[in-house]
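By written order: A, B, C and D. Residues from 1 in each chain.
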């Protein structure tokens, strides 16, 4: 198929994705921590065709992250313990944001804190910073679910009260749409989802990684320098899909589904389960064109079944 | 580049026990590739193994438009790779990463530990040996390994080399760094301050690839002797393009500030002096 | 290697496994629900070589279980929603137990209830029944973690108080060693582990399956008739291993590790993480000789590293 | 039996669009296999796809010690299977499950829907056609499918058959059960009560394989006409040997009590009358 045929094709199905204050040209995003700052994959996959990119989690201060090894492959999965390596808020604002502003795609900034104050600072500063650069930040994704740091992060995401508190505080400090990113390492995901909805989140994204580990039987030590890491990739898809399905029934705000999506079929499953948009993470590492393959497959699926808009799929499996 | 390339050859070389394979790939990659760079290869279509595998470019033939890789069977990724047959197509991202600086004159020392020899093959090919004098030090487990991993190729090239084996079955019994140390010490003794001008004529540089411990020792020796050295680092990789921050090493910047660099993007070739080794943090 | 060489070999490494009241000839077991009642795999794998077999979960009354489809394959994983189909306590006692008693292996009976009374009844009756048949039941595995039934089951396993209560009640009703089987679908596995230890469990087995789902994009319905199912197999290994590692540091009773073990290397990882024994589940479906391959690999590993007993491996990765 | 067996043939038959493969395996399996049984096959060494795949035994050659399987590409399991090359070895559990009752005299009706024809091939082979009269009804999507899935094999056998296709491109346009119904009705009309003794001489039985809906219709027709029928059921399987309870169907026992049976162990061949269909529960 030629490029122009492809684009005519996409035009037949409406892909516009309205997420309670965040409007994207299509429902296919890339997941935080897997797509750098939008430049790394540019030679392989045009960001102009993506619904949005989500940048690596930013913390107030720069972080070196964890020592290596940070990665361990598992059956159909990947363990990572990057430990939130990032340039820190100031450097991000000065040196990364201008470049992100120049990209022809919606930019979502993922933020991570170790205290309530951290989240307040991040939200307030990025709100201002976005205004400076032509409102280039389209939403803040609040990571209350990072498994790879000692304190904070995931702890906020495993207790409904704390989760609500963090989101409410971010809400006070920004006018940007808020995406609350949930950890799957909880007994009841719907409780946390309801809490962040009450806290004022516009959107919920799920799931972050499952806490896992791997042991090197020759050294008899954990493979990851950090001992534990976050499990992502196709292995976790059934868990992610179940949680999206459950949360869809529990809240009234839109969901961004992720966790093991590597094909368009996976993405359709997530939309049928209730995701209004999907994020591609680990699959980028295997196939840099995964987001576009997902997008094109989604369009074909809609066309073949006579859907006029991709949003018609959302929640159909209920 | 992100391509499907044709496998021209994928077979076993040397002694079976050493499990070393040569993989020859066809395609435009060859036109861009530089010594020291690597490719990121999808070894199977299934989700297990999931990740691509990074492998150094060991040979570049721009006329035939082929690149050559040597790999050793380690686990299920290389195992899956070894099952791919000639004329199959495999998905490749690359060439990726930084390359070795090509010395234009003087003398270059190459130091390889084990399969660290592979990326040095492409450097050897690229160096203009009419202008640059090459001296190679290579250490391995034993004779069988060295023979399987390309000793006869070195012989064919006709370069000057010294070998070390752990069991003494070929060359010096011991570490490759013993050889380097011996060489540098002898050279220091011989260097007559009166002849110091000669030194300027033959600037000495070095390039090394091998296990971390060996690289650290090489860098220390080179520091002592004030020789600029480039090292090729390895680290577990997911994306291979700088997006996941999985493959970092630590470097010391001016002012002593520690920073991470991505082995896949700012590396795999690093200036030896900037690298901060694990036990130094 | 001939059979006799193999057995000489095993003799060099002591495999005897003492689990706080339950002594097994070796640390390789088969997991409940994956090994029928010990007969099904007999043509392929001799039960006489296993440390123990764990039979399918028994409930007071017979259960038809869930409708089909009950199975869905996922990347490196299997979703099942059998829904505790079983002959019920009376039929089990009369028609299955005598056959189990005749097997040349230790038998562990897995029990599941919908109320506290159910667990009490199961424990009491099986205690008697075992005595009738030459003490053929070596331990009761208390399943407080089944994800495939509407009430009870997993609910007991997600709340520390209930978990402790169930185990304490079982303790009152049986003199058999009690294995508490934990669900991984909780925020903090160590809490539950401590609770069942207080309740009087002799041993903890973990993990049961992760709750997941799969959607058929052609029918737009969940694949499993029960909607959700339990995820098992290699995909979940990193999560299982992490939980064994955590629980090992939290309690003082021995652990039986399971979840995605398919090779001897996997089993060694679990033992290094802190499991005193391992159970093979889904891997049997792929390779009926998996338990023996695990056993032989374990022996070789011990020999090559000079361990005189396999128990020396337990917890070495800490 | 749990064996590694050698692949003698694994190739594509018929029209490419129909994606049907023939797989011939060598080994002792053939000595034990009975028509209607299946094997449980490991399609890849990796964990993805994870499970074995059940496939019916379509041909049994005890002299050559081979069995033949026909399979259609459906998803990643059969896709992986199709990549296996001749002379490779694959892991097989089997033969598994129950087999068709072999009629010794009279007339047997075989009813197949789509690829449900495959297990019937081995039954056809096994029936002594000098003693038993065979009549086969087979329905499929279209002519191309029937031709690709073995029509010429039926022609070679020289048995009596009637075909149905959904698009009318070959035989009756419509369902295979239309053919069966027509045949049974005609037969009922012709059966003269005065000749009832003849009936005893030629006991009529039936065997069917195909989609659940078709099987249900076949069983109902056979009930009406008081013909014992055996059906071959399919269900998703994990263990294949009765250990996991994944593959059950529902049966009605004396007294109307519902029970589960395992398709892999008490089946795949069931007496039609005992099966309780999904919509009847």
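Assume contacts are C-beta pairs under 8 Å (C-beta built on N, C-alpha and C of every residue); 3 or more make two chains touch, one makes a residue touch a chain.
The structure displayed is predicted, hence computed values, not measured ones.
Asker: Looking at C-D and B-C, which pair shares more C-beta contacts?
Answerer: Higher C-beta contact count between the two pairs: C-D.
Asker: With centres defined as the mean C-alpha position, give me the chain A-chain C separation in Å.
Answerer: 35
Asker: Measure off the straight-line distance from the CA centroid of chain A to the CA centroid of chain D, and report it in whole Å.
Answerer: So the centroids are 48 Å from each other.
Asker: Among the residues of chain D, which are close enough to touch at least two other chains?
Answerer: As it turns out, chain D has residues touching two or more other chains at 47-49.
Asker: So which stretches of chain A touch two or more other chains?
Answerer: Counting only residues that touch two or more other chains, chain A contributes 72, 74-77, 233-235.
Asker: Quick one: label the inter-chain contact graph as line, ring, star, complete or other.
Answerer: Topology of the interface graph: complete, with all chain pairs in contact.
Asker: What residues of chain A sit close enough to touch chain D in their complex?
Answerer: 75-76, 234
Asker: Going by the contact rule at the top, pick out the chain B residues touching chain A in the complex.
Answerer: 1-2, 42, 47-52, 77, 91, 93, 235-250, 258-260, 265, 278, 281
Asker: Considering only the defined contacts, which chain D positions touch chain A in the complex?
Answerer: Residue positions touching the partner: 47-48.
Asker: Using the touch definition from the top, list the residues of chain B that touch chain D in their complex.
Answerer: Touch list, chain B to chain D: 44, 46-49, 76, 80.
Asker: Help me check something: in the complex, which residues belonging to chain C touch chain A?
Answerer: Listed in rising order, the residues of chain C that touch chain A are 72, 74-77, 79, 158, 185-188, 210-215, 217, 220-222, 227-229, 231, 233-239, 241-242, 245, 260, 265, 268-269, 272-273, 301, 316-317.
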